[in-house]
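After this come two complexes, each holding chain A, first together with chain B and then together with chain C.
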Partner chain A sequence: MSARQPRFNQHLLIDTTPLPSSIPSVPEIGSSSAPLLSASYFIGARCKPYNDDFMQCKTDANGTGETDCLREGRKVTRCAASVLEDVNKSCLEEFRQHWSCLDDNNQQLWQCRRWERPLNKCVFEKLNIEKKIPGAPENEVQVHLRKRQIFAHSMTTQ
Partner chain B sequence: MPQDMPPTGGYEPVQYRRNLPVRGFRPAYYLVALGAVMTYGFWRFGQGIREKNELAREKMWSRIYLTPLLQAEEDRDLVRRTLAAGKMERELMGGETKVYNSDRFVRPTYAVTPANVTK
Partner chain C sequence: MGVPFEAFIPYAIMLGMFGFSGAALSKLRAMQNGGKRARHSVDTWDRQMMDRDRRLTGFLRGQTDNVRAPAGFELSNPWRIERAFI
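And now, the complex of A and B:
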């Protein structure tokens, strides 16, 4: 909380006072990095307006963003939670395989294309969300759709 | 009486002339092969660089999509801790000290630590 993080060599001090009840509470995501990375493009596709609202609010707030943009932040969290919940309901096995592969491979997406393809296919069919990388050159195939990943460690995981 | 004489037909002729045949292809062919191998190598190198750029773009966009979510979570935590610290300060000191003349959020320099830590 202070400008320099204090380092206590014997104990960890966490203030566990909850938020006052005047601020509505929202169930936190509670996900680790691999499932979030796996679902990041789906979250981005579905939650684009909420994300843009939140970032615009933070930019415009001019210093008081943390306290003024709590409402937009709740909307962002709820939308991402809905994406994760939908993916868990419809594509749980493919999702789990993909993020387990990411956990084993240093969160490198190009090592796990073999499990990413069925996940993308399942999400596209059931939830109608497509993974698309904005800003990529239009005349080339997008890197997650290429047959051969140059930097993957083995041919079996591509 | 037997003497150590040369054989009757004489010795075979001794090779005294040089025998250094010029081997190898024409130098132009070597240069062409060199150019071809280098071109192929550079082309593959460029392919790898381009794929690396595309992978970096993919990674950046996935992080961009996740930033608002993580920032909102961190903001909630920050607000919670700020409000708790303000409440503790009001209980202990009777009021909050205003360091700057604006309402901008400033991370406090000092943190209150409890005298007895239970854990």
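And now, the complex of A and C:
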């Protein structure tokens, strides 16, 4: 019988060969989804040049980006790890309250503005990073600064 | 003329039964999700992030805010393959 195209994907193969030692190893980020979402705008504000470089490299690589853009990827990982470390050192309580709220609310940012405001204030004062939504129209108030969140479930948490 | 409170007893029973079932279902869902509310409208991005959370913490809804991943995390993402049939 001739071989056919593979179609199923239930079996898992874990390959434990490490990367060659010529590639410098950077420790992966250990935060899960809710803390990453909570810190995402701060990572974006501080790491914008590295992130843009990485995305440009992936777009230009035209398919081989996984192996060609490792250098830019290392810079992105290091920068994001530095932001997370700073947030953990200075604003840990507000950060934890915000991401616990996000985890309870289906990772929807508009349900948890009540805990986002003290976090933004603390990060702005201690780390001088401001959350700005890229691509928002300049003449309107940004959604995270509005008083009333129109899709929030309850008045107490928005 | 007093309020006919006996007429409201069936409504109270219905309300109580609905409330009890709702509370019980909500408690079951919370037990399945590690004490948190259930995720809804989960798309591929959310599924992929929840899989990463499971690789990081061991639970599908577990969360951690460590800066460094535990050892072996880089290697725990499996290739999804199919066994040869021939």
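To be clear about the criterion, the second predicted complex is superposed on the first by the 146 of 158 C-alpha atoms of A that agree within 3 Å, B and C clash if a C-alpha of one lies under 4 Å from a C-alpha of the other, contacts with A are read in each partner's own complex, and residues count from 1 in each chain.
One rule holds for everything that comes next: a contact is a pair of C-beta atoms (placed from the backbone, for glycine too) under 8 Å apart; a residue touches a chain by one contact, two chains touch by 3 or more.
Everything numeric here is computed off the predicted structure, so don't read it as measured data.
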**Message:** Just to be sure I read the superposition right, which of the two partners does A:6 touch: chain B = first, chain C = second, or both, or neither?
**Reply:** both
**Message:** In the overlaid three-chain picture, which partner chain does A:15 touch, first (chain B) or second (chain C), both, or neither?
**Reply:** both
**Message:** So in the superposed three-chain picture, is A:145 touching just chain B, just chain C, both, or none of them (first/second/both/neither)?
**Reply:** neither
**Message:** Quick one: is A:29 in contact with chain B, with chain C, with both, or with neither? Answer first, second, both or neither.
**Reply:** both
**Message:** Between chain B and chain C, whom does A:127 touch in the aligned arrangement: first, second, both, or neither?
**Reply:** neither
**Asked** Which partner, once the models are overlaid, touches more of chain A's residues, chain C or chain B?
**Response** B
**Request:** Using the superposition on chain A described above, determine whether A:69 touches chain B (first), chain C (second), both, or neither.
**Result:** first
**Prompt:** Which residues of chain A are in contact with chain B in one complex and with chain C in the other?
**Reply:** 1, 3, 6, 11-13, 15, 18, 28-29
**Prompt:** Across the complex, what residues on chain C touch chain A?
**Reply:** 36-37, 39-41, 46, 49-50, 52-53, 56-57, 61-70, 73-76, 78-83, 86
**Complete:** Within their complex, chain A touches chain B through residues 1-3, 6, 11-13, 15, 17-20, 23, 26, 28-29, 36-37, 40-41, 43-44, 47, 50-51, 54-55, 58, 62-67, 69-70, 72-74, 76-77, 80, 109-110, 133-136, 140, 142-144, 146, 149-151
**Message:** Using the touch definition from the top, list the residues of chain B that touch chain A in their complex.
**Reply:** 47-48, 51-52, 54-55, 57-59, 61-69, 71-73, 75-76, 78-85, 87, 102-105, 107-111, 113-114, 117, 119
**Fill in**
Note: in the complex, chain A contacts chain C through residues 1, 3, 6-16, 18, 27-35, 81, 84-85, 88, 95-96, 99-100, 103-107
